[in-house]
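Below: a set of structures, written as structure tokens.
Look for chain A in each of the two complexes below; its partner is chain B in the first and chain C in the second.
Let's turn to the complex of A and B:
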């Protein structure tokens, strides 16, 4: 605020300084309490040995990070597929012409059925079921069909998010677009969807952070990704520290992802709207 | 004598069991400025939306240059290219800059090159005193500026007919004068205009014909001098007296 560095700016600086001091002090109290109290618990020594073993941590971490690349790859190929499929389903559900009635019914059934069954079950059913049909070699991989199961279930959830976004765009926007001679699909593409997608970025990114974690469920049908690798290490060394290491690896990805989301939302709001009311 | 631009015959429209337009007959000539006045809820906006085919009508017919455009299932887009509309609430696209708001339809509907559309939009924005706002987003503009952007956006398609719904309702008196100038200017270019308004002074100054709507019917129509000074129907007289008493004339 170089423009008007007056009374108000000074007041705001003071307010900010005070709130930082309060936050720092209260965090310090909480951390101190944990550090002081937890070691006094009766079984602390045993928990520390089996969950927080430094040597074990250093030994497992490189293997876990290697395995984590598989999670990242699954995430990277699932995400675009989910977004594309979810958009299609959401738009099908939002179609208006009578001729597209069957499409609407199919998309409603799809979202209901996919969301009505736990994701683990879909991974088992599709991941074991489809390769069990006797498909030839590269196409029978559990990794492939596990990913397909992820895409199909997540698309149902994300489609609902997109649908809510589409419906939140006021009818008058569509009317304005149509009055300019844009077709239904042009209005959707240029006027409704851009606004809808922007509005649902927060829930959408939340879903993506969940996906980043749920990718680990694919390990249940075989592929050695980080969770399974941690399990292998745990069994081999009879120590739970690999799980802690795996959790930290996940956090290293999910926390920056969440911060990035918030930053993007904020930037978008500043760009299109006036000043925020404090 | 050319054929009327618009002919409405027995147009009826209801929302559920609420009859909103109850047999509208109206002829609008080329280059004519027709103003719809009447109490809130009398059907002015609905009638304008029907002319733009945003609402299908239930009965009757609407002819544009003698062609029935109210047949069910007709492709509305060729009609909308010729009939521009400015909404009561502007309805600018908040995720696009002013320039993109204006060029969207010329590019997507008329197939103009981006550069051509931008150049033309620039000329129009300049003409409406918005040249420095081209890169702004609608939420950063004042009500009057948004209103003018909405007009420019409709004009960018070079329509033959422009439907203007309450375009002065949220403007201060000085800006009303400005928009009035805009309307006069458009009239001078020979454009056919249909307006809905609560501003009687505005209606009186700009219109060739004033129609008073009440309960979905046109209860009075004619030249503004006559309608405002000696309306035939008792209902219209009542409405206008109320308006005069409240100081809006």
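Let's turn to the complex of A and C:
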């Protein structure tokens, strides 16, 4: 980016200031319209009591935050496993030796099947099915096998992201590495993967954001995490406000995460594509 | 290039102001249906048929909601029109009290959430074992109870809960229940096991967890426990039931109405008549035989 100074910097500052003012004003108009119009609807009082009950909100929030730790824990132990398994699958798919043909077939079948079947089915099948074979406690924990189901399905998605990254590295990079005497795996390890991974970090973050919400599906097989806790509170009070509270807890994590992703995408674009045209 | 603060701030401001606008203002000004739910008088003082005129959703038709699917013994074979099953029979008996014949009863299906959502309802009343609680009364209206029950535990033959006679001996076990039921609440409030209970969407999930050994026992209301153990979960039985105590009120099932529906008092009059002439007891005996000898687990 060119060094901006003097008049140009002032002009850019002014432009920025104006665009902030316009955005703020238009947002305010939209919010004002909603706030003014919605309460005029005939059953607004009932909807407000059902979804936006302040006392209910305050009552549920601590329980929900408590339950949210379970989501965070599942997320934290699933993520490294997903990245590791996905990388293995992507590399298997990218193997080039003729002898490894079965490996390629298996990895293609794996990504196709895992992505093609709804995640809910995997959670039931693995979460109830595997422990049902007669495994003793604590190794039959739904938390454990629910997490395994999450790791297996998400790895298939993430493996495709990694594969796209690996394939985006130009063939000449490999050729150069091999001509320097590096083996296939050495050039993969030192030349291809470092470039591939850096390129796919933003789409990976996207998958992480959606994983962060999907871990709630583990509650289908028993564990009471935030969404389930919200459902329990909803039933107890015949009131949907706990879901709003849960949504806000989720937003507190997903908004910063998506902003971080946007920033990383932006940085990557600047790094690879030069100055953006205004 | 430095636009980040704005793009972060705008959605946050919008979301926050919407939530604040919605939550602010008077909350909790709707506790006005106390009169509808007191203990039952012997026989009604008003004529339910007279009372109900013009108050039903559709003229001269009683629209009744049940679950989808509806389970035995509450509705036999998921066919409420057959009048078989306790709740199906109660609905037709209430209709008769309101001066409506069998052909003037229409059935619709809802789940729990549809029954409690704030919009207009597509039923006059909804019966699917809704427990009457003070908390729920802020958002729906209940009739007087048409059935009262207690909680019971179901487990497989080799369950660690087998032969247990006191709640103290249940503390170390792992429990499950259907999410959003008073049974789940019973686990956390009364049994208070050391391990957190698991919750399931339906009996199928509870059954799978029982078979996978992930839980030692499932808590249901007694009639459901008897049905589930007898029909749905092979090899299971009702291992014990919990007595009603001062701390543990009975689970009183009520018909659910849209908040402040004027039909509530008519249906209460109908239920009062059915209690005083013994017809409600007859239906209870017919469909919800609890004469199986279930051991009682002492509480506290």
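Points to keep in mind about this one:
Heads up, the rule we're going with is that the second predicted complex is superposed on the first by the 259 of 278 C-alpha atoms of A that agree within 3 Å, B and C clash if a C-alpha of one lies under 4 Å from a C-alpha of the other, contacts with A are read in each partner's own complex, and residues count from 1 in each chain.
We adopt the following convention: a residue touches a chain if its C-beta (ideal position, glycine included) is under 8 Å from a C-beta of that chain, and two chains touch if they have at least 3 such contacts.
Here the structure is a predicted model, which is why all the values come from computation and not from measurement.
After superposition on the shared chain, chain A has more residues touched by C, the comparison being chain B against chain C.
Looking at the shared chain after the overlay, A:243 reaches neither chain B nor chain C. When the two complexes are overlaid on their common chain A, residue A:48 makes contact with chain C while staying clear of chain B.
By the touch criterion defined above, A:132 reaches chain C but does not reach chain B. Once the two complexes are overlaid on the shared chain, A:232 sits against chain C while remaining clear of chain B.
In the superposition on chain A, A:176 makes contact with chain B only, while chain C stays out of contact range. No residue of chain A touches both chain B in one complex and chain C in the other.
Taken in their complex, chain A has these residues touching chain B: 172-173, 175-183, 186, 190-191, 194-195, 198, 271-274. For chain A in complex with chain C, the touching residues are 1, 16, 19-20, 23-24, 27, 30-31, 34-35, 43, 46-57, 124, 128-129, 131-132, 134-137, 140-142, 219-224, 228, 231-232, 234-240, 244, 248, 251, 255, 259, 262-263, 270, 276. Within the complex formed with chain A, the residues of chain B that make contact are 49, 52, 54, 76-78, 80-81, 84-85, 87, 89, 91-95, 104-105, 108-109, 137, 139-140, 153-154, 157. Chain C contributes residues 1-4, 6-8, 10-15, 17-19, 21-25, 27-28, 30, 112-113, 116-120, 133, 135-136, 138-140, 176, 179-181, 184-185, 196-201, 205, 208-209, 211-215, 259 to its touches with chain A in the complex.
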